[in-house]
Amino acid sequence: MPKKFTHLRATALALGASALLAGVAFADPVRLLESGSSLLFPMFQNQWVPGYNKAHPDVVISPQAGGSGKGIADAIAGIVQIGGSDAYLSDPQVAQNPGLLSIPLAVSSQTVDFNIPGWNAAKRMVLSGPVLAGIYQGTIRNWNDPAIARLNPGVALPANPIVPIRRSDGSGDTFIFTQFLAASAGPAWTLHYGTTINWTAVPGEVGAQGNPGMVSTAGSVPYSIAYIGISSRAAARTARLHEVALINQAGKAVIDSPQTTAAAVAATAAKTPADERTSLIFGPGADSYPIINYEYAIAKQAQPSPDVAAQLKGFLTWVISPAGGNAPAMLDAASFGPLPAAVRAKSVAQINSIH
Amino acid sequence: MAGILRRVFAFRTWLAIAGGVLPVSLVIIFGFLVIYAWPAIGFNGLDFLTQNGWDPGDNYSSPVMLRGVMASPGAHFGVLFLIVGTLCSVILAVAIAYPFGVAAAVFLAEIVPGAIRSFVSFFVELLAAVPSVVFGLWGIGVISAFPDKAGVTAFQHVCNWIVATPPFEWIPFVGGDPGNGYGLLAAGVILAFMIVPLITSTVRDALIAQPAALREASVALGARRFETIVKVLLPSVRPVTIGATILATGRALGETMAVLMVCGNALGVLPKNLFAPISTMASFIASQLDSAGADTSGLVVKSLAEVAIILGLMSLVVNTGARVLLAMQTASQRERT
Amino acid sequence: MTVVQTTPSGGAPFKPQGGRQTNSLLMLRRNVGEWVGWAWAAFAFLGLALIMVLILAWVCQTGLGALKPAVFTEPSSKGNGGLLNAIEGTLVISLGALLIATPFGMAAGIYASEFKTTIWASVIRFLSDILVGVPSIVMGYVGYVIMVVTLGWKQSVLAACVTLGVISLPYVCRTTELALRQVPMNLREAGFAIGGGDATVILRVVLPSALPGVMTGILLALSISVGETAPLIYTAGYSNYMWDGKLFNSPIGYLTGAIWNLYNDQTTPGAAQLAYAAAFLVTMLVLGINIIARVILRGQQAARA
């Protein structure tokens, strides 16, 4: 047989053998995959996974961003074990996927940021849900619109047109923002709420991908406004964005802070049902910040193998425990809040149903 | 082992079966797409191609029976903005790449001496091999380079200047809102860079392959060197030039990553000028596919399949047209010689 | 020897007396046109060269600045680590795609060239030309819906390799067919004459002499697989960890995916740097493969000449 072919044959056999051996030789560690919310991603990537690996170095947990829509879709298809999502499952989704759980892991919030060149950081910009609904639907076009001026008496507002920035991927941030607009503006918000909505074509409106995209786009477009998850606050401040004081249900303008989010949680967490699919948006309370939400792990009750189920339960239990993932030191890194005790108990119940 | 195989089938038959994987996989791809997208094709109808607005509907309300399919209330898909975005970006890319590519090919074929020519052409062809996502990263780097104190980048300054300066601000599709850098212009220019090497190398090869007799005859009639090129050589390679340009168009149609990173991801709006954000069919599929599974009615995934079919058909028409043209050219050249 | 003066009047130099030839405006236009034309060609070429240099210089500058030994020795999962998982993943996926594309693509190309008068050969050639034009995102979509979701393979090496393999099939087929066509007919006739059958003549006579062209096609398919991103995002997912050897149900990292995931990641420190390093590595890898393919082709042309 010609020399070229003997070499080829030998090489092919060697490659095939080594590939086989490689498949056999690797131990089979349980791998937990997470994908989804870019609000939740920094917590997973920088705090929860390294923190859990300190006590359990052999568990491999692989987080990925991509938006809450991706997290839910991947969890439904079984591509990942944990779908990270700021949005809970909808009734149709639960009906079609019985046994798919929405498990709150922590409490998070969202800020509305704006980029007005030369804005004095000491001044506060106050906006309300109806005004934001008008901005994103194109009925309020300029920064010095009377509706905005009314909320900010005595503040010099520029005459430039507002550039609304929204998410172009399936986003939990879009979900909670549009829930806020629907709850506070009522019928004035003509679009519904969800992870993907058909935004009105406001002139100059820009789409961005992920929270990092929102930050960098808002940072580079003057006179823009964007809704950004709290975990990107540091990046937003570096990009010289300022946060808006939102008018809550009691009519007061509040800034997103640990006190205001804690007040909101105290006022709204009691109505959390057993399946924990509830909105905390625009709750009552004089000091409540209006845009807070649970960060969910979307997981299947029935896992493909007992090993995976055990590892998944172990990880999720650690994440919601006050000594583990819900410790203040961990949550502060992304400005998240801990789960209230009653909600934690419900999450524990849901986690224990995983098999 | 070979003896056993030989007894079952002749070598030729084995070859035909193994070679059949290629045609069969193409049939599977298109067949699957059409069958899978059929419910969405029925749901969307012809409005799909003429309306704007990608609305998955209210996913958090109960599904209702819409046009014969259980769908989220208010679900309505129209991809005119994708078709327009794709066509605009590709036409812009070819409009930039064609003159530059042909002129560069002329320079390479006629002026650059032989030894240097193969070295330089080699470099030009390498540009065609750079992965799309690297082009996108470079594009982002260019758009966001050199920000001044207010955060306005150099590229943005250029766009602002063009929109405000007299000759340009009156041209219909150029004047108006300068945008934020991510839009049709960026996508078209990056696509142009990606397809120029295809045009240049093909036209250069065709020019070099033209018989010397053609050049000599032209010079004998008193034509200057450049006149020879423009009036004699380029017309004689016109089918190749057009064929190569159409093939480059086909490549530009399918480009995903570079466009996704610089196009601005418009949703449901047609571009008003060169600087407006757009979405192309390929970039839209890439950005929407991973969250499409969250839709319980399945219409989002299936409508994306419809977009994929339209994109595939466009590429098919463009590529087949190019090949027919090139085949005609080689046939007519064979007649000539 | 007297010089014969052909002009009727003395002194003026000879000018041909045809009509438009003496129009000095036309001559001016021709001169200017010549200069403008060459200027335009030079400008276009320099512009193209400038763009090329800019891109390659940018890739090298940002990439070399980000390259540190950890890039080659550690996976991305180790904190702010390296790209070892991405490099391994690119190699695994590309070689896997080659394993699928090479036998079937070569078989198709051999059939199309050796039995070129049959209907099946025309079918192969025609559908191969169509398959080349299918955008890779469409392939990625089909791969995602069929293999990842419906067949339940989840994001896996096998789904990625099959998708990339099908994308590369027509390139291998076409280059194999062209390379085999170059082999002179009398070589085959000699093979048949001394008693060889189809298999012997094709595999032992024709194919070895067309090997450089076939290798070029395989390397072309390899460079395409290395540079692909969109189909892989959906069929292979992305992972910061080394490959665990599983063909199903296990995402894997790859250089182009590293660029895509990392450029957007503001939270992991050093992520942007890794993205530049990955861009540099993948560009050099693709350029290297193309250079090797060209060297092989040139060697074959030299040998033939």
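For clarity, chains are labelled A, B and C in written order, and residue numbers in each chain start from 1.
Assume a contact is a pair of C-beta atoms (placed from the backbone, for glycine too) under 8 Å apart; a residue touches a chain by one contact, two chains touch by 3 or more.
Small disclaimer: the values here were computed from a predicted structure and weren't measured.
Counting C-beta pairs in contact across A-C and across A-B shows that the higher total falls to A-B.
Taking the mean of all protein Cα atoms as the centre, the chain whose own Cα mean lies nearest is B. With centres defined by CA atoms alone, the chain at the far end from chain C is A.
One finds 16 Å separating the Cα centroids of chain B and chain C.
Measuring from the averaged C-alpha position of chain A to that of chain C gives a distance of 40 Å. Between the Cα centres of chain A and chain B there is a gap of 34 Å. Chain B has residues 290, 293 in contact with two or more other chains. In chain A, the residues that reach two or more other chains under the touch definition are 77, 209.
Residue positions 149 of chain C are each in touch with at least two other chains. On the side of chain C, the complex with chain A involves touching residues 77, 79, 95, 148-149, 152, 154-155, 204, 208, 211, 237-241, 244-247, 250-251, 261, 264-268.
Every residue of chain B that touches chain A in the complex is listed here, in rising order: 53-56, 58-63, 72, 74, 76, 144, 147, 150-153, 156, 177, 179-182, 264-269, 272, 277, 287-288, 290-294, 296-297, 300. By the touch criterion stated above, chain B contacts chain C in their complex at residues 2, 6, 10-12, 15-16, 18-23, 25-27, 29, 32-33, 36, 99-101, 103-104, 106-108, 110-111, 120, 122-127, 129-135, 137-138, 140-141, 193, 196, 200, 224-227, 229-230, 250, 253-257, 282, 285-286, 289-290, 293, 301, 304-305, 308, 311-312, 315-316, 318-320, 323. Partner chain C is touched in their complex by these residues of chain A: 2, 4, 15, 22-26, 28-29, 31, 33, 35, 41-42, 45-46, 50, 60, 62, 64-65, 77-79, 209-213, 215, 231-232, 235. On the side of chain A, the complex with chain B involves touching residues 66-67, 69-70, 72-74, 76-77, 90-93, 95-96, 115, 117, 163, 168-170, 192-199, 201, 203-209, 216-217, 219-222, 239-240.
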